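So, here come the structures, one by one.
Below, subunit A partners subunit B and then partners subunit C, in two separate complexes.
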Partner chain A sequence: MTATITIDKPLDEGVRTLLRSMLEKGTVRAVLTLRRLEDGGGVAHCLVTDPAALAEAVPLLPVMPSQGGQVLSHLTQEEPFKEPVAAVVRPCEARAFVELMKRNQAFGDNLVLISPECPGVFPVQRVSGDPMDDDIDAYWRSTSEGKGADGLRPVCTGCELFEPIGVDMTLRLVGRSDLDKVLTVRLDTQRAEDMVKDLGLGKAKEDGKDPKGLEALRSARAKGRADLRAELDFTGEDMAEFSRTFGKCISCHACSKVCPICYCQMCYFEARAAAAGPAWWRNDLKRKGATRAPPGTVFFHVGRLLHMSISCVACGMCEDVCPVDIPVARIFKKVGEAAQEVFEYVPGRDPKEEIPIKTFVEDELHEVER
Partner chain B sequence: MTSSDAKADSQGFRPRVVGFLCNWCSYAGADLAGTSRLDVPAAISPIRVMCSSRVDPVLIMTALMRGADGVLVTGCHPGDCHYDKGNYFARRRFALTDQILTSLGLEPERVRLSWVSASEGPRYAEVVNEFIEEIRELGPNPMRTNRSL
Partner chain C sequence: MARRIGFFICECGPNIGENVDIDAVLNAVEDMDDVVLAARFGLMCSGPGKDFLKANIKTEKLTHLVVAACSPKQHELTFMEVCEDSGINPFLFQLTNIREQVAWVTKDKEEATEKTIRLAKAAIRRVRYHDPLSKTALAVNADVLVIGGGVAGMAAALRLASPERRVHLVERSSSLGGRVVAQGPIYPTMASGGEMATAMVDLVEGNDWIVVHRYSEVSVVVGFFGNFEVVVTGELEDGGTLETKVNVGAGVVATGAEVLEGKPLEDLGHGSIDGVVSSAELEAMLADGSIGGKGGKAPKSVAFVQCVGRDEVGYCSEICCMNSAKQARLLLEAAKGAKVHILYRDLCVPGRDQQAFLEGAVKAGANLVRTTSVEVGGSKGGITVSHSLGDGKAEKLMVDMVVLSPAMVPPTGTEGMAEMLNVELDPSGFLLEAHAKLEPMAAGIDGIYLAGSASGPRSVSDSIVQAEACAGRVLSSLIPGRTIEPEIRVSHILETLCTGCQTCLEVCCYGAIVYDPMKNVSHINAAICRGCGNCVAACPSNAISLYHFTYKQLYQEIVEAIR
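Up next is the complex of A and B:
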């Protein structure tokens, strides 16, 4: 049986109430949440210990200025939190964090994860662009009806993992008609139940039936995923489509900088080993008579796919930051999922599940042996 | 420079294959093929690695993007790896590479994984000959001449 509590404030206000009381009662020492910065500069992940500073918190603002999994890894890669810290992150951020723990880039001790059923996020440009208020009203209306909002990150429209996995508390948002009045929080772990007991936010009840809208969004996302897959097809002749798509790339490597899975301090593709020395371009010229200078633009992307797409959580960060509008995340989601399927692997599903290339079964994959 | 290459092409395609050979089994197998005077085409450029698990997928891709028409990865038979389990990891990495090449339309037939032991000189010669024939049929790797990479 899973227990649920209802907080009589809606959305952001509800989450702020929950976080504030956790801080005030000392249930957690700090919280990590999106927050509007005082000088009006923007919205960023912030660690907060002063309950008053939660006034500016916007935990459910539908943007992802940085990947929460990456943020948590930066905070914990040297040592685990020593006291409980609550973090409000989206499901793909929580899954990225799990992948980073598996890759020894983070510690999960003392971390209490709170995550919404995620209706998706708007592209990150919107944070600094026009005021989002009208769009946000429409966003929550669609969410309560179990429909996807317009103008989201493209990968969000095909995300079937929008319901959090392996977190302590799930903020139940999708398909709920009372979204503008109350916040429903499902307590997924014993630890969450124990913590909430003392907060005075009302008694835990048994979790009710899933609203119809939740089922509706599940189907919409399954369809969205199929559409995304159909839209990008590189399997034609001579890699023409692939080189056309990545040919536009200006090699800024922003996509890998914001990617939670690309954690390497020194990327192989930026290291000397990959520097396009004379041996590379001379050889290229001999064969082709013309080559991109320096060579290796598309190589970077194939290399990144080979190195990390097995753990890609399809968060969409990479695509948001691409200055030349390459559908990077849609490509990584599609190619990554195909690779994940070979090993029946879902990134971030379970911290105890090994990354496929770190383990093996003796009797398997004979189809690739010749 | 380019014209002489083009000329070679018009006279018939000469496949070029990079072979990764693990030190303890396959390299010794290749050596045996040589000392047994078996016919192994010069079209393969062997690279000795300590274990098949050393073959990072990116090495395979480097070879393909920089002029190889095919890449052969060889190692000890499962259960016989000098480091016990290296070739099981190699097989997983290879399967991953194979799937990603497939998704990208990059002709996975251009890469091959085969186990060759130190005593299998004839098998080494056979694998190489067979693979080079397959590559000949596929024709030149389009990445060799693609100018927008």
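Up next is the complex of A and C:
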């Protein structure tokens, strides 16, 4: 039903070929992709207009140095792209971008999203230094067999939404034995088909049958999700548990800085007068005789859970950057999914689907009444 | 200046006095910070009670006042006035409800006392963080917009128009008079509806203070009670449109109702069987003499079928039983000796005159038959009407004419009207009143009123009553030269924190928030905001706060209440 093209180069090289021809033929004006920085400065999202500069692009490198949805929001918050731009982002990054569009923090006009069936990413600490070559070889071997690789971000191992939703092109990777020879690209929209027609990359064909490995990874991820939940020592049901879990937080707020959904210009918890003023600690002192200074450490996380867990895409950025090893992403994934289930809401599924706070229904949720 | 808080507890006669240990409450709060006086009184809202408050404010030089008494709905204003009279800003006052929320509902006296102490302490704690707020005054625009030129709209316009109050009457069609202008005699007086409506049209057209906008619809309404900005879009003869801007202080919606058409009538042979007509068509035939007039035909037997479409719309249209009784009487006069059957499901004859009127129709020869279902078929000798009488019995009538009484339905465009005015719709699609019993003439928005069938099918007399009620509400509150005091406990946005996500726009029930794309922030129009707090709760950036219900005030109150 859906058209597919194959490019006779594998993985990163295949994607580079696709992006390069789009730039050269003028199909898009720029591309956004992960790319190695000059002089060994690590890997970062880069906006590229010069086809030659794509030589350093590593679109499929299994890391997420910053959340692509957040990056695209920063680029398009003021105004939409005026000319077509292609962006290679992972499915959770694309879904975060959709959530940001719903909140008027991004424009999707002229944006062509290209997204892989995502085998997961390694923790962000591995971006610089060690080139990870052996691990990456093993990663692609597992992917072609439809197995999860070792050493991924914990939430990636329980991600059931690893197949892109609502993108223009899907890079078919999972379970494909020819992964080291060709890149298979499914064209999910009419726009994608029209663009690829003129690129000289061969004629689009009907999409073949899904490889067995894809189904295998689906099952593995479902089991992974159940395992994550079972292993996580957090129910969200009692205050002592919150204190125990988030008590070691050093309030660096890095989790909210890298979170695509935490889009406030200034977080309430950064405003000292509001979140740490005398109104807070005087009462605590009167009541308990001692209070953590400044107060609000645990409340920060409760506030974040309240505000953004409904839109949490479980990308795992927060947990990667936590310097004191709080399993932030696993907690947010669990709590987020519980909230999302209540509203039958899947963040990033559809730009037209309103966020639940905007769809107040008077007669609902009687089960939470006492 | 140091705070000097006075705490007063009202016994409310025996209501609070007998169910709460008042002395224990006074003991519990008198040592709180800044409390300089804790006292009790029998009935604080009475003249002596207010004098007691005023005397104590003066002698103790109080700066803040807390009263533990009844619901704020009942006496918050009373005590705020006491504050104003005594030179205290009325917002440095807090009323805590220990009657409805404690004395009346908590039976155990010890428990009630404990609860009262918590509420009293919470209110005292809260008032320490109150900010004085100053009221603002706006000059009112006394002019009124009336939408719809039927009898309801005309009655409202005629009552409202005066040298000091211009009325803009907007009518969609070419002429005033609405549905009633096409009516012959109307029940119960059998005076001519057409003549009555025409007389009203003459009065409206002769009134210098009513501006009639024909071929026109209201396309924009923004603003608030006392100051609405309206755009009236008129259709020009050359097919173009003309936009007229008018400013008014209030609006009366008198858009009436339409008659149901389509399937429910077609199922009963309307449009396919000769002699099956709607009640409106019969009205026209009676008026132009094609029945009973010179050369007019006179049917020998007629069946009225009531409640056509009632199941589909889900309500009783209220006026059709009486209308058929009236038409039966007219038919029996016009066609002497005719057999007239009225097939009804339930009779709707409320009020003083209606039953007698119906009995008059029966006396004149109408045959009332209760039925559960009706089928109409054409045949050679006339029309067959088969209907069941309940209990499994059925009856077949042969008639020359069938008159269908269809339901009344909201006029086209009601949904758009509701959205424009921010008025809710009821499930059947009519405009919803603020309160079905207490405020049937008011919409949920201040300054917008509903007259006639706009909020559901109504008789002429009920429509006039409602129009007069709307006029009464306007005349008593929108007085030329006066100022209005908009709510000042409203929300405001701190621009530096606003991210421009516009979630607040979606949750605002009053259309009080606009987005400024240049600055990428939202703004609240304080004059439209009603202070509900929806936006405050929805704002992820904590950029919105509500005067008099700040986070700090609520936090302090809660801390004390749950200590």
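Everything below uses one rule, namely that the second predicted complex is superposed on the first by the 352 of 370 C-alpha atoms of A that agree within 3 Å, B and C clash if a C-alpha of one lies under 4 Å from a C-alpha of the other, contacts with A are read in each partner's own complex, and residues count from 1 in each chain.
Assume a contact is a pair of C-beta atoms (placed from the backbone, for glycine too) under 8 Å apart; a residue touches a chain by one contact, two chains touch by 3 or more.
This is a predicted model, so every value here is computed, not measured.
The superposition on subunit A brings subunit B into a clash with subunit C.
Contacts of A:C264 after superposition: subunit C is touched, whereas subunit B is not reached. Applying the stated contact rule after C-alpha superposition, one finds that A:A53 touches neither subunit B nor subunit C.
In the superposition on chain A, A:R103 contacts subunit C only, with no contact to subunit B. Counting residues of subunit A touched by each partner, subunit B versus subunit C, the larger count belongs to B. By the touch criterion defined above, A:I357 lies against subunit B and subunit C together after alignment on the C-alpha atoms of chain A.
Of the two partner chains placed around the shared chain by superposition, neither subunit B nor subunit C is touched by A:L199. Of the two partner chains, neither subunit B nor subunit C is touched by A:A216.
Mapped onto the common chain A, subunit C and subunit B collide along 93-101, the only clashing stretch among 21-29, 57-65, 93-101 or 381-389. Of the residues of subunit A, those at positions 268, 283, 287, 307, 357, 360 touch subunit B in one of the two structures and subunit C in the other. Chain contact summary for the complex, subunit C toward subunit A: residues 129, 496-503, 506-507, 520, 538, 540-542, 551-552, 555-556, 559, 563.
Per the touch definition, subunit A reaches subunit B in the complex via residues 234-239, 241-244, 247, 268, 280, 283-292, 295-299, 302-303, 305-307, 309-310, 334-335, 338-339, 342-343, 356-357, 359-362, 364-365, 368-370. Against subunit A, the residues of subunit B that register as touching in their complex are 1-2, 5, 57-58, 61-62, 65-67, 78-79, 85, 88-89, 91-100, 102-106, 112-115, 127, 142-149.
In the complex of the two chains, the subunit A residues touching subunit C come out as 78, 103-105, 263-268, 271, 274, 279, 283, 287, 307-308, 354-355, 357-358, 360.
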